[in-house]
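What follows are several structures.
There are two complexes below, and they share subunit A, which is joined by subunit B in the first and by subunit C in the second.
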Partner chain A sequence: MNGVVAGITYRAVLGRRRILLLILLPLGLVGLAVLLRLVGSADERSAVTLMQSFAIGTMLPLLGLIAGTGVIAPEIDDGTVLHLLSKPISRPVIAQTKFAVAASLLALFAALPTFVAAWLLVGGESGIATGFTVGALCGGIAYAALFLLLGVVTRHAVTIGIIYALVWEGLIGNFVPGARQFSVQQWARSIADQLSSSPFLATDVKLSFAVPALIVVTVGGVLWAGQRLRAYSLTGDE
Partner chain B sequence: MSEIYDIGYRHYEGPRLGRAHAVRALITQNLRSIFGLGRRARSKLMPFLLAASMLLLPVVSIAMMAMLGRNDIGYTNYPVIMQAVIAIFLASQSPTITAPDLRFKVLPLYLSRPVSTLDYVAAKVVAMATALFALVALPLTVMYAGELLVDPPGPPHTKEYVAGLVTALLLALLLSTFGLALASFTPRRGLGVASVIAVYLLASAVSTVLFATFESMGRADVAQWAWLVNPFFLVDSVQSWLFGTTPANGYTYPAGVFSALLLAALLGLSLTAFILRYRKAASR
Partner chain C sequence: MKIELSQVSRWYGNVVAVNDVSMTIGPGVTGLLGPNGAGKSTLLHMMAGFLAASGGTVTLDGTPTWKNHQIYRHIGLVPEREGVYGFLTGWQFVLSAAKLHGLPSPEDAATKALAMVEMEPARDRRVETYSKGMKQRVKVAAALVHDPQVLLLDEPFNGMDPRQRMHLMDLIKAMGTAGKTILFSSHILEEVERVAQHIEVVVAGRHAASGDFREIRRLMTDRPHLFRIRSSDDRKLAAALIVDRSAGGVTLTSNGLEVQATEFRRFAWLLPRVARHEGVHLHQVSPADEDLESVFAYLITRSS
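And now, the complex of A and B:
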């Protein structure tokens, strides 16, 4: 971890109008929760639906993408990463710092609003709020590592990430049960299911697979990103 | 005191092609860069991959028609079915025509020609709308050609095909102004992609959740308004109002006049935002 690098990264991701993008989706989630409460349909089933389809299904991958690629991809894109890489800081440490920043942003902008929205809907009932919060946190950490790696590997990180999140996890995951095994949001759901006793929540991925998979993706992603940065050619590959 | 000296360079005496030519050139240039033509293979990969995946469904439905004799191709609900691909195309390709000129601050160079800001902006909208229209209209045309060739029992669906084309045009106009306006707020490509897709996903998720909630409360009259939050269903509702087609959502929409007004309002709003953004960028 390097404090200066972390500070610069926070400023780069949150500075100016960019923070709006990170606030938009959590605001939508909490707004929907308030609305559901106001119209009087704040029951356990609608809470689980909102959490599954919006919090874990839409918001988490997208915020993961914005935060995960946002901490490194713009710098690589406009070439200022050279100034960072030419400093006597170990490059794996840079990758780890960027990952920590992205993960902390996801805890703040994804996991916290998830908890607030779930609490607004059902309070502490059958552990839905805590379950989905922990699920969103673990999933967010894995997404941060995965998309950080993607941001280091390719210049089209955001588009490829969207295709993974929307087409693989969303479309194909809906029709092909096997695809769900390799989907971060399904792993997050398994964790939520484990901590919550709600009958409306069902998952296909066993926890004994989800937890090791999350750990492998996170650790592997950060280590690989560090390796890629070590071998990063300063002259660029254009 | 400053003065412009004639230091003896040769003057340009060839034909002046004028503003209309410049605008046409800008449209072509934008259209080429949307599809990555004239760039590296890597820039061509994404748009052509997405365009090819749009063709999967027509091919499958023609095959079904030829082998099983089934005649139930959806000309009218095609954009709604393929909305994820269309949205990804819009998100990934809008910043390719808005980000570079804003980032490298080259607008004064363009505007020193006989091109106004409005022309410049219109060229971008026309190019993006053409690209999106082609993305949707080409598969529809393939489907229609397939239907005419296979000639299944019953009359051909010419009316549905025309309705589909008009809808594709409306959808292309709405999405291109909206997507370009959003993408132009940042000079960075990645952020542009992310913000367009974030707004689409937010709209589609909000629409789904609102509909499910009001439907489960038995308030179908309120629930039908929720569809209009999603731009694809908004255009579909205008289509079903104009041509009397079956709604692609399997339910009903509110009265079509409202959808049409909403569509016009959204178009105007995003066009204004887009123009204001480039006015601002041009002034510095």
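And now, the complex of A and C:
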């Protein structure tokens, strides 16, 4: 970890308009929870549905994409990353720092609002709030690493990330059970399911697969991103 | 410290950007001169550890520059692209560089570096409000903050006004005199001539010439020059010119004369005298191939 790299990265991500994107979805989630309470539908079933389809199914991958690519891709695009890379700091340390920033942003903007929304709906009932919060946190960490890697590897990180999150996880994952095995949000749901006793919550991916998969994606993503940064090349206009 | 390139090539797919270049950059100021697209940036990026050579080796005092972040303790890099965080102030930007280098007293180093490029008055403004020249200077300050032994600058004078240009030239000269190894790229001969003691010329990815600026200047002026001349009596002038040995060939065209001058200085001295002697009025004298491209083309045919 490098404090200066982290400081610049926080300012780059939060200072631009990206912060609006980071705030909008969590606000929507908490707003929906408040609305459900007001109309008197704040029961366990609607809580689980909201958590599964919105918190984990929509908000987490999108925020993961914004934070994960946002900590590095714009800097690579406009060349400012050179300021960090032309210093005697090991590139893997720069990658780890960027990952830590993205993961912390996801803890703040995804996991915390997930807890607030679930708590507003059902309080501590059946461990739903805790389960989904831990699930969102673990999923967020894996997304941060995955999308950071994508941001380092390709200039089309956002497009590829959206295709992965919406088409693979969202669309194909709904119809093809096998695809769910390779879906970060399914792994996050498995963790939520493990910690919650709610009968409305069911998952397809076993915890014995989900936990190692989360670890492999996270550690592998960060290490690979560091290696790719070591070989960062300026190809110039020539 | 010295940078050594030994039989370095770099290609992108089928395109060869740099072809079998060997050179040693030692203490003092070296200008890397060549037309746009000649491979100057590619060479500079390989020296700075931001590009792998496809063949050959690039070393800094014997250690490879590729995948070696320790070289940045000794190297300061001023890239051509703007690449400055717009949301930071000039002071924050240079200070962050000092901190990233792990300097014992980053504030002092940043203050000194900003003073060197005369950017103290604007140091608390955000970089995005700077002009191109100011951004360039703040980049130079960030590259100098750790007092590196080697400084690499890619087209550093682009976008600077004449006064800033002079100032940076003086700064580079002073650092070269102090024994630092400085390399900067440029496509403008006059720029290179004013700052560099030593010049390396690259054309179309190949190392075309190497030497001090007098030598390069001589190579460039002593080549055959082509002049287009329009006068009151072209035929009479042609006959008078061809008598002298400085005129290699004279062609009469519908637009006037084309004279191949083999000795530039003598021909420049001769032409007005001959015209006056013959009573011919000169309407127009223009060098036909004075652009840098043809100068470089001449150098590359001479070297091969």
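In this section, the second predicted complex is superposed on the first by the 233 of 238 C-alpha atoms of A that agree within 3 Å, B and C clash if a C-alpha of one lies under 4 Å from a C-alpha of the other, contacts with A are read in each partner's own complex, and residues count from 1 in each chain.
As a convention for this text, a contact is a pair of C-beta atoms (placed from the backbone, for glycine too) under 8 Å apart; a residue touches a chain by one contact, two chains touch by 3 or more.
Only a predicted model underlies this, so the values are computations on that prediction, with no experimental measurement involved.
Visitor: Scan A:208 for contacts with subunit B and subunit C and give back first, second, both or neither.
Guide: neither
Visitor: Counting only touches as set out at the top, which of subunit B and subunit C does A:80 meet: first, second, both, neither?
Guide: A:80: touches subunit C, not subunit B.
Visitor: With the two complexes superposed on chain A, say which partner A:89 touches: subunit B (first), subunit C (second), both, or neither.
Guide: So A:89 only meets subunit C here.
Visitor: Once the shared chain is lined up, is A:2 touching subunit B (first), subunit C (second), both, or neither of them?
Guide: In the superposition, A:2 touches subunit C alone.
Visitor: First (subunit B), second (subunit C), both or neither: which does A:167 touch?
Guide: A:167: touches subunit B, not subunit C.
Visitor: Touch check for A:11: first (subunit B), second (subunit C), both, or neither?
Guide: The second partner, subunit C, only.
Visitor: Which positions of subunit A sit in both the subunit B and the subunit C interface?
Guide: 78
Visitor: Which residues of subunit C touch subunit A in their complex?
Guide: These residues of subunit C touch subunit A: 12, 17, 37-42, 45, 48, 50-52, 67, 69-73, 75, 77, 79-85, 87-88, 93, 96-97, 99-102, 142-143.
Visitor: So in the complex, which bits of subunit A are touching subunit B?
Guide: 17-18, 21, 24-25, 28, 32, 35-36, 39-41, 46, 49-50, 53-54, 57-58, 62, 65-66, 69-70, 73-74, 77-78, 155-159, 162-163, 166-167, 170-171
Visitor: Using the touch rule from the top, collect the residues of subunit B that touch subunit A in their complex.
Guide: 42, 46, 84, 88, 91-92, 103, 185-186, 188-191, 193-195, 197-199, 201-202, 205-206, 208-210, 212-214, 216-217
Visitor: If you look only at subunit A, which of its residues touch subunit C in the complex?
Guide: So the residues of subunit A touching subunit C come out as 2-5, 7-8, 11-12, 15-16, 78-91, 230-238.
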